[in-house]
């Protein structure tokens, strides 16, 4: 099992340009937080869709690495995202991932994405990662 | 019909922080180009998935606006993306969008994403935008 | 609110050829059961994918009608399904749907599909229905 | 390479209960036809969504087997389908599949589904099959 601290160090190397905080990790799940600033907004004062996609993808990656170990060769093969509500422009975004299956070569999870302080999700994603079959994790 | 020049001006306002070039527009299609630099890469020397998602989403938006006019209230409701091959780290990314349907309230299109110089796509996306039913474009 | 009994009567008219039992309904959720027989199997002794898609789609429809009333004009606009494990050939299939959003014109939900007696899902779907904006339900 | 005749014989064994005609096969593509009768309709006189999902899935399977050989262990892992227009209740349904990638363990394709005689598709699907890595086809 990977600890939150180990994963934080790994992410700092793997996604240095991405401003993500790992809030929790374990039990086939992960919660990530992203601080929203004006670079993430679109006219109309809402968070741009690709920002939500990025945090969904990262939350899946975190939850999977938490299960299989720090395997750098895990790559996304599919991501399906539904945008549900307009996120607040001045609140952090939170992504809560639960893995549905961790198989030998594919791992699949779902992610609910929230604008902090709203009870209903702003987006929902399901994604698949291809994972190396001969990992030792 | 929106011209390429009108859409370029609109994008400059709407996505000022995004480095995208509209290469062509018209006939329910659009082609966008993105210059890749080290901020877009992941360890292993490949373009990060969210960069491909962003250009897929923007290519859909461009093709839809080319059809319905410069409607700022069009928003993505669903995006499904398959990652197919590893993009080159030092080549531009091109997204070629063809709309499948432009209805009264929903527009749907597909996007093939290429690493310049490779004949096979590196990713393929299908996305849906919700469009205002009472637009006058 | 629609009762289970009202929805059962509605389904009997709407899907007369489909052998589905509505087990529970309410609180933005629905559980459906389908008896599997040899017509639903593929060689290798597993339930055919389209059988799982059908029950996923019907579970979404049931949960949505349970919320918005018996509106016959609700239609699926998108369904995304991941097949996770091989269902047993001789067990009922259960679909458990939870709605994620019921908006003015779109309703979105997720469905976990089980082979009875297995604790892990055999498939997971997310689907969107278009619903008439001026329903009176 | 598999011929159309070989695939027809294989389908007759693999999907005996499904009424599908393989119209063409080859070059990473396949076209299938399904005769629509009253069992496939929903109230309102349209073809039920699961009928379109079934033919989309079968068209992917046909196109993949046409490329990799008659491998019975290929299974769908993901299918994403958008429903675009109402099919005619009294016309055959045609599914035209083009493969986007045939890799070592995954094959991905897209499918346009038509109601015969309409120029615009009634649905569009993208699907992934898992294929055995050590096949000899």
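All chains are identified by letter, namely A, B, C and D, in their written order; residue positions are counted from 1 within each chain.
The rule is short, and it goes like this: a residue touches a chain if its C-beta (ideal position, glycine included) is under 8 Å from a C-beta of that chain, and two chains touch if they have at least 3 such contacts.
Because the structure is a prediction, the values reported are computed rather than measured.
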Which chain has its C-alpha centroid at the greatest distance from the C-alpha centroid of subunit D?
A
Ranking C-D and A-C by C-beta pairs in contact puts on top C-D
Taking the mean of the C-alpha atoms as each chain's centre, how many Å separate subunit A from subunit D?
33
Return the distance between the CA-based centres of subunit C and subunit D, expressed in whole Å.
22
Could you tell me the distance, in whole angstrom, between the mean C-alpha positions of subunit A and subunit C?
28
So which bits of subunit D are touching at least two other chains?
77-78, 80, 82, 128
Contacts from subunit C onto subunit A in the complex sit at residues 80, 82, 84-85, 100-101, 103, 108, 110, 112, 120-121, 124, 126, 128
Per the contact definition, I'd like the list of subunit C residues that touch subunit B in the complex.
77-78, 80, 105-106, 128, 130
Taking the touch rule as given, give the residues of subunit B at its contact with subunit A in the complex, in rising order.
13-15, 17, 39, 42-44, 48-50, 53-54, 57, 72-73, 75-83
